[in-house]
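Two complexes are shown next, each including chain A; its partner changes from chain B in the first to chain C in the second.
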Partner chain A sequence: MEGERICEVDSGDGLGADIISTVEFNHTGELLATGDKGGRVVIFQREPESKNEPYNQGEYNVYSTFQSHEPEFDYLKSLEIEEKINKIKWLPQQNAAHSLLSTNDKTIKLWKITERDKRPEGYNLKDEEGKLKDLSTVTSLQVPVLKPMDLMVEVTPRRIFANGHTYHVNSISVNSDCETYMSADDLRINLWHLAITDRSFNIVDIKPANMEDLTEVITASEFHPHHCNLFVYSSSKGSLRLCDMRASALCDKHSKLYEEPEDPSNRSFFSEIISSVSDVKFSHSGRYMLTRDYLTVKVWDLNMETKPVETYQVHDYLRSKLCSLYENDCIFDKFECAWNGSDSVIMTGAYNNFFRMFDRNTKRDVTLEASRESSKPRAILKPRRVCVGGKRRKDDISVDSLDFTKKILHTAWHPTENIIAIAATNNLYIFQDKVNSEMH
Partner chain B sequence: MEFKLEAHRIVSISLGKIYSARGQRGGLKLHKNLLVSLVLRSARQVYLSEPGCPPEPPPAAAAGHPEEEQPPPRSAAWAAEEPPPPPPGEQEDMETGNVASLISIFGSSFSGLLSKEPKGRRRPPLDGGEAAAGTAPAEAAAEPGQICCDEPVLRTLNPWSTAIVAF
Partner chain C sequence: MGEEEGLHQTPFLDTMFVRGLKRKCFDGEEDIEGTLAGIKAIPSYNLQRQSLLDMSLVKLQLCHMLVEPNLCRSVLIANTVRQIQEEMTQDGTWQMINTQSTGQASLDRLVSTDILCRSSRDHQAEGKHGPAYGTFNKDFESDQAQDNSETMSTASAVQTPRNLQSNVWEMESPQENKGNFQKSLDQIFETLENKSPNTVEDLFSEVDNSYYDLDTMLTGMMSNTKMGHCDSLETFSSPTNTASNSNCKSDLNDLDHIVEILVES
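For the complex of A and B:
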């Protein structure tokens, strides 16, 4: 895939509060939301295509910025609650306003985003600045009229879903019924109604009676895109559980369990860590699920529980370095994964600001880099290669010179076009494939 | 032998991670600490089960504390609690080496970090160690930053449960 860089946003205060922690396109792809470690949400809007400036077509510019979450303190447990935004999910648009859910470790909030581009002028009792007029000067009655004004984007918190979680919230997912959503923490999943904040239903609880017996936690969860009764959750042991809310109120018992037996030749101290699933995503068709663990991405067919139908190696050259990666904590990095709109290509991030794409049809894969040096505006992305010994070509990177502080954990793909958003620490890159704009 | 050294190194690194997790902003991460405790348990099992261990005590942990010997009566008490014994000398060496490291990490107030022994904790140490490893994140998730004890129980507890419970 060829691409060109459209924009890079960097608030650059260097304090770490602007490290991007989540990226999400809305359902039309017109808006792109990012959340950061400092609790802020920045929404970008795509400029409409214009005949006068064809090269500006498709640029994303800042539409709105707001502070979603603030740091809090839990006095009972003497714990600080981080303001970092873990996930953002857009609601399907039902009227002129846009809505999204944003969550930190404990609290989910529903935000409404509205535009104001007109204001009333010509009040009888107030002047233009809002001060009361001297009544003796009012001699006739006028009807206020709406006059255009500079576009103002207003964001208001409409609901706050608090006190639902003891453990850290790792994912939220809006149901296809557009009325409910679920939130998952390490041990429990709750079902909420979007209009009701003072209660939620617990639908999954894997907390053991004796915490000493704890062996696995929930790592991610998502509703099926079409069947409002189905959802999946992934575990730290590498398994997926598909649950049907029609079967029972408490979905502790799964309908289907997707698990691949471990390869005994790969066993090491770190086998359990690298099999932990960091992200799970349904395909747009609803037929497949995509999972990411430390070294691979896997495509699962909902009809086959015994093993994935496809497995792609993201960076297998790290398998011999797991001890060092354990030492520097990189082995705990949680990479996300994404489908393109037609479910033919999957994408995930890696280290050294590299991200990988796998074409499921041609079985070809490519490694690309998101960086300032290699991406001037309008530049074409050059495929990169990590050499693992043997013949080394020019421009190859050796495994030992990979920068493990530059990790791409969060990526998103436009729902219908070949536009991708890549979060590289505190920079956001948006790439567009001009050659193949249509999805196939 | 290399496995043993690597296992010991991993044990030290894991203990260091559990320790530093206490002060982390946002509270204990249950997922990460569960994974660390699973690695800790695997490494410990390898270390205890591998035959032909080195005669000298393993290198001290990250804190780099030079002490590797404990007063014999103390280590004898711990050795007695360990069930399927590797040769007692080897067992003592490993225990003393690691406890020395733990004491150097926590300083002299180590015993003050221990909780009251809840019912059911005093099991055969091998189980206790494994269970306690799973307890680490749980304990901390339930009551982080709180644990104190009336009397020093260091001598009577298996050092692994001691180490983990302290977190």
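For the complex of A and C:
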């Protein structure tokens, strides 16, 4: 894959305000939104391909930047509410404007992004600067005309969905009906109408009557891409629950429960922690679900609840390091996962700025690195390898040399083309596969 | 093993693991006696397990110092602690650790008492475990007489296992067990739980006096008790009907104003 490093939002003061916390393509892939720890959203737009400069095709440039969320203070708990953007989801485009939902731990906001590239000139009562004209100087009437101007992108908050969540929001998902969306926190999932901000319906509630009995939380959730009544949510115990909103108002009873029995030979005190699902994504076809837990990605068939149909090892060499990873908290890192447009390849991040891709058809996998050194513009990415001892080839990295502070938690895949966006701490990398640009 | 970077805060645990003495980490069903053979060279399973328990308890404590604890992480750590304690209960080993003052698990301390377990508890063969690590069961009430000012674990009376959760975490005599690292699991989760504005009175009534000595947990609770005026709280804490274009920043300014009023009163 050819790589081009796009945007380095380098936080020189070290405050970490620009650590990227979410990445999302819109439905056409023309726009790419990123959210960061400082509550900002940056939208990139793909340059239209021009025949004159074929090598310049498809570059992403900054389209708009705005402050989505500000830090808040919860007076009742005397705790700060972080402005970090947890998730961004685009709405399907219905007119000239683009809309997206962005959320921090507590509040979801609907933003409308519009372009202005013309402005009216030739008013009768006002002059060019907007001052009222002296009416005695007006001798004839003119019709104002629209003249082109420099493109201006305007972003306005259209809705603010507040006070819906006691716990931290971890996911939002827009329904295929384009009218509703859901937001999930650790214990509850709410259903909102995009036009109504003062109320929401609670559709899942796993909070026990006695908080002492709490042993499981919701970690991610998503609507089915085609069936507007179906959604899935994952838990910290490694299970998936498919729920049907037609069954009852409160979907505490799942329609299907997807759970793989524990492998007794691999049991340890960390078994539960590493089975916790950090991300769940439906395939574009709607037939499969992709889950990420600490060491693997799994493909589940909606029709089979007993076990996944495919399991891929992301970094099994960490299995012997779980105790250290527990101590330094890395074992709680939440990695995301992604499908390509044709559901034939899946991708997820790892440590040392590595990310992994698995081809479901050929069963081949590759490890690539997102770093400044390895991705000068137009550079070809070189596959990397982690050696676990035994034979070590040149350029291999040993497990002990891995940098666990460089983690790729957020990745996104263009909906139709082989273009991926990788967030590595405060850098965004965009890689394109020039050879196989079209999906097949 | 290669360079010691990043991953090697607990070298002995990983080393033990890599050497293959246990290919599985902390597998409770493995023969414990086998580990005692190399007890001087390699830390025993019990010590490792205890170390993991201690680490987990520290993590649960530390998460309260953060701005707002990550509930998923807390739940996973708490489940790990429960798992360890269940296993220790089945093994019949309860150990009081004095790591705060000494900095290390003090083996001498583990063997120091010889207290019988509760009669209702059926113990597994006590002779199974090496003497160095103590096969005793501590009677919780006897413990209180000892100097427990810096204990970390919250071992409780080992009674019938009907509800291990409440037994394990119950503090029968809070005054005796002050110290930075003792709290019950239910109180951990209660502080995470948001009190709705309608139960402001309940919020204050649940404040437990025994925790006023703990500086970690009080960040949330104590500052709430200072607030005092229920009416003012209800005014600004009721869910607001935000106008569609209202800015969070203006909300913050309003709340600043209200807090000024409260503080002055």
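Rule of thumb we're sticking to: the second predicted complex is superposed on the first by the 427 of 440 C-alpha atoms of A that agree within 3 Å, B and C clash if a C-alpha of one lies under 4 Å from a C-alpha of the other, contacts with A are read in each partner's own complex, and residues count from 1 in each chain.
Rule of thumb we're sticking to: a residue touches a chain if its C-beta (ideal position, glycine included) is under 8 Å from a C-beta of that chain, and two chains touch if they have at least 3 such contacts.
A quick note: this is a predicted structure, and the numbers were derived from the prediction, not measured.
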Chain B and chain C placed together on chain A: clash or fit? clash
Partner chain(s) touched by A:Ser236 [first = chain B, second = chain C, both, neither]: both
### Query
Of the two partner chains, chain B (first) and chain C (second), which one does A:Asp403 touch, if any: first, second, both, or neither?
second
Message = Is A:Asn266 touching anything from chain B or chain C once the two structures are fitted on A? First, second, both or neither.
response = second
Just to be sure I read the superposition right, which of the two partners does A:Ala162 touch: chain B = first, chain C = second, or both, or neither?
second
Practice prompt. Could you tell me if A:Asp198 is touching chain B, chain C, both of them or neither one (first, second, both, neither)?
Written response: second
Winner on chain A touched-residue count between chain B and chain C: chain C
### Message
Just checking: does A:Asp186 make contact with chain B only, chain C only, both, or neither of them? Give me first, second, both or neither.
### Response
both
With the two complexes superposed on chain A, say which partner A:Glu80 touches: chain B (first), chain C (second), both, or neither. both
Q) Now for A:Leu214: first (chain B), second (chain C), both, or neither, which partner does it touch? A) both
Discussion item. Per the contact definition in the header, classify A:Asn61: touching chain B only (first), chain C only (second), both, or neither.
Written reply: neither
Interface residues of chain A shared by chain B and chain C, listed 74, 77-82, 105, 167-168, 186-187, 211-217, 219, 236, 269-270, 272-273, 276, 323, 326-327, 329, 332
Chain A partner, complex, touching residues on chain C are 1-10, 13-14, 17-18, 24-27, 49, 52, 55, 59, 67-68, 70-73, 75-76, 78-80, 82-84, 165-166, 169, 185-186, 189-190, 192-195, 197, 203, 219-220, 223-224, 227, 233, 236-237, 239-242, 244-249, 251-252, 255, 258-259
Listed in rising order, chain A residues that touch chain B in their complex are 74, 77-82, 84, 105, 167-168, 170, 186-187, 211-217, 219, 236, 269-270, 272-273, 276, 323, 326-327, 329, 332
Touching chain C in the complex, chain A uses residues 69-70, 72-82, 105, 107, 156-160, 162-163, 166-168, 186-187, 197-198, 210-217, 219, 236, 265-270, 272-273, 276, 320-329, 332, 398-405
In the complex, chain B touches chain A at residues 6-7, 10, 13, 17, 25-27, 29-32, 34-35, 38-39, 42-43, 46, 131-132, 134-135, 137-139, 141-146
